[in-house]
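Each structure below is given as structure tokens.
Shared chain: chain A. Partners: chain B in the first complex, chain C in the second.
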Partner chain A sequence: MLTRDSADVIVIGAGVVGAACAYYAARSGLRVTVLDRGPVAGGTTGAGEGNLLVSDKEPGPELDLALLSTRLWQDLAEELPPEIEYEAKGGLVVASHEEGTAALRDFAAAQHKAGVTAEEIPADRLHDLEPHLAPGLAGGVHYPQDAQVMPALAAAHLLRAAGARVRLRLGEEVTGLLTGGSGEIQGVRTNSGPVHAPYVVNAAGTWGGEVARLAGVELPVLPRRGFVLVTEPLPRVVRRKVYAADYVADVASGSAALQTSAVVEGTPAGPVLIGASRERVGFDRTLSVEVLRRLAAQATALFPVLAGVRVMRTYPGFRPYLPDHLPAIGADPRVPGLLHACGHEGAGIGLAPATGLIVAQALAGREPPLDVGPFRPERFASGG
Partner chain B sequence: MALSESEPREPRGSHELHGPYASHEPYDVAVIGAGSAGLAGAVTAAELGLSVALVDSSTQVGGQFYRTPEPVLGAVRPEALHHDWAAFAGLRTRQRATSGITHLAGHHVWTVARQGDDLWAVHAVTGADGAGERPVCVRARAILIATGAYERQLPFPGWTLPGVVGAGGAQAMLKSGLVLPGRRVVVAGSGPLLLAVASSLAAAGARIPAVVEATGYLRYARHGRALATNPHKLLEAVVHGSALLRHRVPLRTRSAVTEVHGDERVEAVTVSRLDAEWRPVPGTGRRIACDALAVGHGLAPQIDLAVGLGCATRATADGASALVLDRLQETSVPGVWAAGETGGVGGAQLARTEGELAAYAVAARLGRRTPSIQSAHVARLRRRRDRMRSFADAMAQAHAPGPGWPEWLAEDTDVCRCEEVTAGTIREAVADLGARDARTVKLLTRAGMGWCQGRMCGAAVACLAAGADGEVEPPAERRPFAVPVPLGTLAGLEPGEPVEPVEPVGSPVSQEPPEKPAGPDR
Partner chain C sequence: MARTPAELVGAQPGPPFEITMDGRTVTALPGQSVAAALWGAGIVAWRTTRVGGRPRGAFCGIGQCYDCLATINSEPNRRACLVPARPGDTVTTQEGHGRGALGV
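The block that comes next holds the complex of A and B.
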């Protein structure tokens, strides 16, 4: 019997990842309680741009996850209301010099083998795709699968679309986990009392490490700050997601590393978004003028027309990153009943549906939709 | 960091500039805002021997309160529209007598940043409305924030119709442009400003069919002590009151304009009685013909620069956010002082006192005239400040919006007029989408994302976000860009070293392997 304080599964975190976990779990018939100490989308989801990208990912587990998510987002765009502002706008990655173009071409060829649609755009055709791009660029690659969503609305509508099987309890902070005699999960304790369920999903994003610690396990999620710049509303001057990419030698690893600029893009509401910087400064929200200068310089280098456009806002967000830059998804063998769905760094909006689906399949005891080995939550444990 | 890379052009309206403004860099103190508080602070600091940058967005000092009509209007007696003009004139005379103030007029400050342990950088843009002809960075050892207040509005059906103007805005128009918003002007809202506005408009020739005040003035009686120790405030009220009597202006208390009528512009308003919680009493609506409505619900401290610096805030008795200040006007961030409305709205006289007090505190901190904060003069300033603060708090409490005011709103009333977000949309975000605070309402509805950055709708959104029985959190006043700044201006700032390595840039990636290459968020 479902009482106020019991459910089949508790999801901690009402960001987009928690919302996707709740959505797919509810769709498979489970009763879900979503707890968050703040509002919906109050953490990193509310500070994101809503990028759903495949263009920046090299072949590997994260790209596989992104490709699955790309398909799932297309389905969700049909099911959820238009307010989520899903736009299959495509991405355009440009290079400023000839070597960069060659490297970009090789990168795209490898991605293509992994299932990414990528079309090389010679220099003389770049302005057909983006009329306001700076002159003199060497070439680029068009990625029609790159898309965008308004992240906070996407999270809110995922939770609402899940219907009566999802109970949303906001403003309730989880202060401890309830476990049984053999250490198995029995629920959580919040500041307003216990909530019972045999499964708990840690979707606490950048704060996922704290939730793991409550369960007595280590998950080294750390914050990585980013600022996004938001301009005054404009007619569409930027049609796609546009960023510059060039390869530089990475001395440390001896391999080539992709260096990219901030992503510049228009939004249905009018403002152009420019994001985002990357810094490891803990949870410091203080504005950095130097960061803003660099973002502005990169954006105006790509689109000189933006130089006269005014910036209205900027906000910081804290990406949850794990040491190997892959998320932790799935059951934690160290605590029966505990699952993780966090540590997506800057890709949480894009990877949310695939993450939610994997979690829902795991809860239902079904086979995962792809190889989840690289995302094992316990992979950072010493000796593990 | 130098001011700018090229020799600075003299900014517009900077006839008080003494030489190139890089010469005093870094200044002892940068005073932001040249209204009553800022001017008093700057003049006092200069007289104490400090080098002062007085940075202000207007072309002339005086702030929102003291407005000199544009010279082309040929006004001969601006003091006729101001009480207390003599105090302002005195500050102007002292300003002219000192050489320690560099007045940077027409400078719109967009952020203040720490630049090391004892140095601050004030970033501004110049040009009309900060259209950003040129970025300017002024460095100083101390900051005095005197950015004043902006007018607070509560929406109601029809408030976006032409002819509806802010009460403070109407008075400002009159003082600086000598124009009236209409011929028959209803003055409505709440707060002591309404009487002053009505008497100014009446004196300038407008007919005032009614002054509509949501509070009953009986609420003042609860604060008898604060009233009794501030006789000048009582005198002010008597002056305005008698002016209103002379012009036969009816005063309706415990009432509000709950609807504006008109097709193209204001033709009439409906005034309804309010209960103790500001709910309209059904059946009490009366229509009053007019061609303009001047409306306002007091002032809200303009504290975005201070909030950006991490200064602590407090909720005022009327539900706004103000800076937390110590007994010598310092904020919770050492090295940053504030004076005037930023610490809670209290009027020009309080602002002058606080500006002067802050100047003494800054001088003492910088090692000048250290004994002076122990002086009898500073003690007198502090007593005067405390007395006027307690009066200001009493006023704020008396005019605090009642919890029932959202009942004025129709579902289709625009609350955020920049983004055209209705009350219904906001209520849906709270009831169905999981918004519990103003920030999430903004994310889910775009309320507050427009040109005014939520200054117009912030108070209303905060109330609606709290829901029917939730506790209202005052607007956070968090605006990292206090004014919009062109991207080209930002991009042209002098490169600085960030505290921590920043990516993405063209520099090698890895400081601590294994590091993922910089890239977009995915």
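The block that comes next holds the complex of A and C.
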């Protein structure tokens, strides 16, 4: 049935990952309907920081995805308007003691073999890069490929740039999937009626597990809470993304306990953003003063100048993680027509373009741009 | 005959004191906010916006809109409508975010 409303593919989720899926699918000629129960970037994306990092990733599938995304973001930055606040500012990871520096050096050497540009910065050169850094740090590594966008605006402008082939339907919650006689996808049911398409992409971020359940499959996406502090507007006091070496260990950790390691960055709008905390507390949005206190203490330890600056507000977000800390990307063999693009944990803004490209290639029946085996959505199926 | 708010409520304030605004002496009464003292002296703008450099002063007057930010005793981003004036306070026009000296 071909109607005015029919689409080739439905994307559930108008965050940056859903927007990237819609963008690349539309560019390959498909008509896309993007559904979201809230506004654009109203869930996982809007609570992010906009980190496009290669520096925090060890060699492996996620780093490969990040390196591809880094190149795609560079292209997108040319195509999308400057309002997305793309800044190829680079990252600086610092260590406070000599053992930390040695660990950083080894980590960077392994990353370098995988295609990451990394330059060791001795202690006496740190202040050339970041004049406000605390004295007494042992050294660091500079990662020129690290970059930043404003996540909500990036999602919105990706959707706009996708053009007339993308229909955006906000405020519509998917309540079920429509399937045919052999279980194949025929569309979705929403609170305002059915929407038909032969393919559905689950880009529901932290709620991707719930969408998978609607399709009768298991995808163990869990929320990991993180707080971000927002300072009053400042001139550029932090040039790059600057963080302590502990952050890399925290990102890779499977622990439920609270972990904090300051990640500090300026923004074109003026405020400095201070992340990043990680704790597994379900979908609890309660303000944690202890988390804020620790983040502020770690940030001012890196940049003492921030001690004299006010924090205007804070926000919590839920990073969608899967047990092996890799996203689920691609077709789900258990339900013909269902694809997943979720579970990117704290890296979804950065990994969005590569994810969208993989999904668009899969929809077009083309070879993926890299090995997608590690991202197979069915890899957690019990007994599978 | 002009009536002032102080007359209307029968206020009996303590003795006036002096603060300065960009070096100019302004008389304030105990209990007055910095913004009220500046208004009393006919001064309505004490900040310029970050992007356009346009003048700003007190708008809501009750601490909600953050338009009245001023640099008071060398500390930027104080809400002039909430900060009580104290003898000897030094108020200076805040340029934008008021933190220009920190830029690198």
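Following the convention adopted for this analysis, the second predicted complex is superposed on the first by the 365 of 384 C-alpha atoms of A that agree within 3 Å, B and C clash if a C-alpha of one lies under 4 Å from a C-alpha of the other, contacts with A are read in each partner's own complex, and residues count from 1 in each chain.
Here is the rule we use: contacts are C-beta pairs under 8 Å (C-beta built on N, C-alpha and C of every residue); 3 or more make two chains touch, one makes a residue touch a chain.
Quick caveat, the model's predicted, so the values are computed rather than measured.
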item: Partner chain in contact with A:Pro235 - chain B first, chain C second, else both or neither; value: second
item: Contacts of A:Gly226 with chain B and chain C, given as first, second, both or neither; value: first
item: Which superposed partner A:Asn51 touches (first chain B, second chain C, both, neither); value: first
item: Partner chain in contact with A:Arg313 - chain B first, chain C second, else both or neither; value: first
item: Touched partner set for A:Ser182, first chain B, second chain C, both or neither; value: neither
item: Partner chain in contact with A:Val281 - chain B first, chain C second, else both or neither; value: first
item: Partner touching more residues of chain A, whether chain B or chain C; value: B
item: Touching partner for A:Ser382 - first (chain B), second (chain C), both, neither; value: neither
item: First (chain B), second (chain C), both or neither touched by A:Val291; value: first
item: Shared chain A surface residues [contacts with chain B and with chain C]; value: 232, 309-310
item: Chain A-facing residues of chain C, complex; value: 50, 77, 96-97, 99-100, 102-104
item: Touch list for chain A against partner chain C, complex; value: 130-132, 232-237, 239, 270, 305, 309-310
item: Interface residues, chain B side, partner chain A - complex; value: 111, 113-114, 121, 123, 132, 308, 310, 429, 432-437, 439-440, 443-444, 446, 449, 451, 453, 479-481, 484-488, 490-491, 493, 495-506, 508-510, 513-522
item: Chain B contact footprint on chain A (complex, rising order); value: 14, 38-42, 46, 48-49, 51-53, 56-57, 66, 152-153, 156-157, 159-160, 168, 170-171, 226, 229, 231-232, 241, 243, 246, 248, 250-253, 257-263, 269, 271, 274-281, 286-301, 306-315, 319, 323-325, 345-347, 349-351
